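Here it is, the structure, as structure tokens.
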């Protein structure tokens, strides 16, 4: 393994209410998941983050979520009619595509947000609905997935390019799933520890689970969450550690075609 | 003149609140201006109207407006920063483009809505901002314009294809502008009279102004407003009258390239 | 039984999108359930309907619902935190109270809307949360309830005045619950039939269930739904039939205190 | 002068987007202007801030603004129909009144927000419309005003109790108006300097204008803006300085009736 993508959720401010420091994060990550105005962000944010991403050679990704600004897309809205959810996803992605196009760029990947992202890990039918909505726009759009989930399965079956994610700030179970946020020890808050773990994954293909057992964890992109106050520091620490170890940190669109081929087994 | 386009604003419902009968109108018109979720409509409406438009061979147009659902885009919001307005237009158009693409169609024209549409008739800088936002997405998108306005001028200068509109339900002044809605006699409510006037325009290139003087009025598309209760009847009456007189009613995308060339004088 | 209240949901328009004819309905009904700007309506609608209600001596009721304009409050949002739902109800009711007060009137009753109204029929804890939110504002606010539901139970326990509803346009099961909308014969669309049934209830205290069996149905107010196209005609027909039979149609606030006492058995 | 009120705008968060530290500010100020869900805040925020304000014996004020969340109420919406603006204000204030009532408190003062607050300084008719909307709800609601403005004039004429504000973080012109934010030296960022100036005002009734001239400035409440990053520090510094000098910092509702009498000259 000589290269890895680093992704973060960006563009989540709204009007005068500001989330984190997007500009600082865009100096570190190699691909950006940009909120599309439904759960967070708005057209102007999308435009500004897209412009900065292009300037920094950061891959532009759409980060669509439920049409639920008040709940920040984190509420499980489980009775939205299929046609509406599908239309909502296409609407959001298309909006960002036009914004990127108007600035000379393009959307290359999709990462679902919040409650919807959690739901498609478990629900194959919902995952398939989302994957098909994305593929209906453009079959070449890559989809970020948590390995082993229903979303990965649905995206593979549909033949969509997929980017497998590794989570820098989360503990893993022995089954290579994430330890629930409500359980003790679920979050890795220490930037040095997170960086050590990511280097370990990239060098050995293994991570130490919460129980202490070594498990296989592979992926194409490291997700740097921005929920914690030290998001910038953590992203920076991880990037420096990996680069010092000789690993190139670069956007996944720079990876070989082979890497992005759906259906392949791990890295 | 042997052919003309017939356009109407559609997809303006929201949730359970229904505007007019879109399905009936899509049986009559040849191009649809679809609301994009800011002043009216939503992703599901857009999806349903687009699907029906494709089925009926109706040209798909985006109908973006101010981000003002409560005011239905009819309030003059005159202090929106340029970058935000530009981003809002691109966002809305892109959303419909993806919806059309997902259904195997494409957006071919843009018609600005409400207060914004009125403002770009008078304000060249604003018109240019809107035209450039549209052209930044795709230079081949045609723009519906009222002849003689700043919007027509801006669109011509930018080299955008443009569709000149004739208004079926509105009285004209001697200067070929519309009589203000607040003036007596501004509206043509009678379907038969409207149909007579449109046939007159297409056969003679002239219309009788509100003062009785014959003036030159030419265009590529007849706008059938849906504000009045007899919208369907009026559209139907106009279409039948024109077809009986041997005029083909067909979407402007079927017109020759020459017709859509910007900068040409009248029809 | 010599008097009955007639209630309808009003003020559900938004901007240019119009629901039904509120003015015509306010000539017929004796109490109005006014949408409070979350699932439908807005401050201006509330103000206009309140003004007309006062002019027509119609009792003013708040009709709060989920914060879900797009879904018209008809989607079951089942994971809203208790504190938020409670705050949403209090917010909506308070808004209408101030509007009524500014016009010299007052809110006298509360009717929950849509999905929330359905959910409190079955879920005692949710019903109690809603009832307590209402009572926290003012213990004298009456609550419209479907007899036999968890809402009736919760409102009775809390000591709130309650108004039991009879549904003019719905068929009843043998258990005095409503036949599900999705079942055949659930709706009574015929105004004459609806009027016959309501007169029957008021004269005999009985109604003929969908199975043909006579069952006991009593109440303080007849709900005239506005979903069907003949809402005005139906309301008018019922009112005329009842008045011709010597029954006074008057707002429930005119009923004796005894009638409004919680905990009493039927009428 | 032995006592003064200290007010700040609070409850401006929305969903996951957080503004400043409301809890820390509620430990310092004596009256809170709570956003009412139109330009910022929502029912849950209002409920939480109200609860904390009551616990801390802080006066509860409504802080209504334009229905413009995206613009944070800072865009001059100058073509809203009078009836709508009036209804919007009443709606917002009423919502907070019910929330306060449900927690055993009450709204005692109103402070207009953002662009609307600026507009009523200059436009008497608009100021009168706002004042009358407030008075229509309750004539005893006090209105926070900048001395010498059209709002003060309109509130005095209407007979509303009024609270005159002094601005801790703003420079004054020789006319006792605020130096425009866009001019150099308009903001007082240094907490010590701001505290010195406030103590000066309270002891001498005078402040040093931007030109160096001493001018008369009096008021009932010091406004501590929260826009700057040191808002908490500034509020704390001012409070400590005043208290050390023997001035009681207490909510204006504790002031004598005489102080709140409209029409009086200065303090």
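Going by the order they are written in, the chains are A, B, C and D; count residues from 1 in each one.
Everything that follows uses one rule, which is that a contact is a pair of C-beta atoms (placed from the backbone, for glycine too) under 8 Å apart; a residue touches a chain by one contact, two chains touch by 3 or more.
All of these numbers come straight from a predicted model, not from anything done at the bench.
**Student:** Over half shared numbers or under half: where do the identical copies chain C and chain D land at their interface, same or different?
**Tutor:** Same residues, largely: of all residue numbers at this interface, over half are found in both copies.
**Student:** Report back the single chain whose CA centre is most distant from the CA centre of chain D.
**Tutor:** Farthest from chain D by mean C-alpha position: B.
**Student:** Which whole number of Å gives the spacing of the CA centres of chain B and chain D?
**Tutor:** 47
**Student:** In whole angstrom, how far does the Cα centroid of chain C sit from the Cα centroid of chain D?
**Tutor:** Using C-alpha averages as centres, the distance is 40 Å.
**Student:** Whole-Å distance, chain B centre to chain C centre, using C-alpha means?
**Tutor:** 43
**Student:** Multi-chain contacts only, two chains or more: what residues does chain D have there?
**Tutor:** 42, 70
**Student:** So with touch defined the way it is at the top, what topology do the chains form here? Options are line, ring, star, complete, other.
**Tutor:** Graph shape, chains as nodes and touching pairs as edges: complete.
**Student:** Show me the residue ranges of chain C that touch chain A in the complex, using the header's touch definition.
**Tutor:** 67, 70, 75-80
**Student:** List the residues on chain C that touch chain B in their complex, please.
**Tutor:** Per the touch definition, chain C meets chain B at residues 12-19, 40, 42, 69-72, 74.
**Student:** Under the touch definition given earlier, write down the residues of chain A that touch chain B in their complex.
**Tutor:** 37, 42-44, 46-48, 81, 83-84, 86-88, 90-99, 101-103, 133, 136-138
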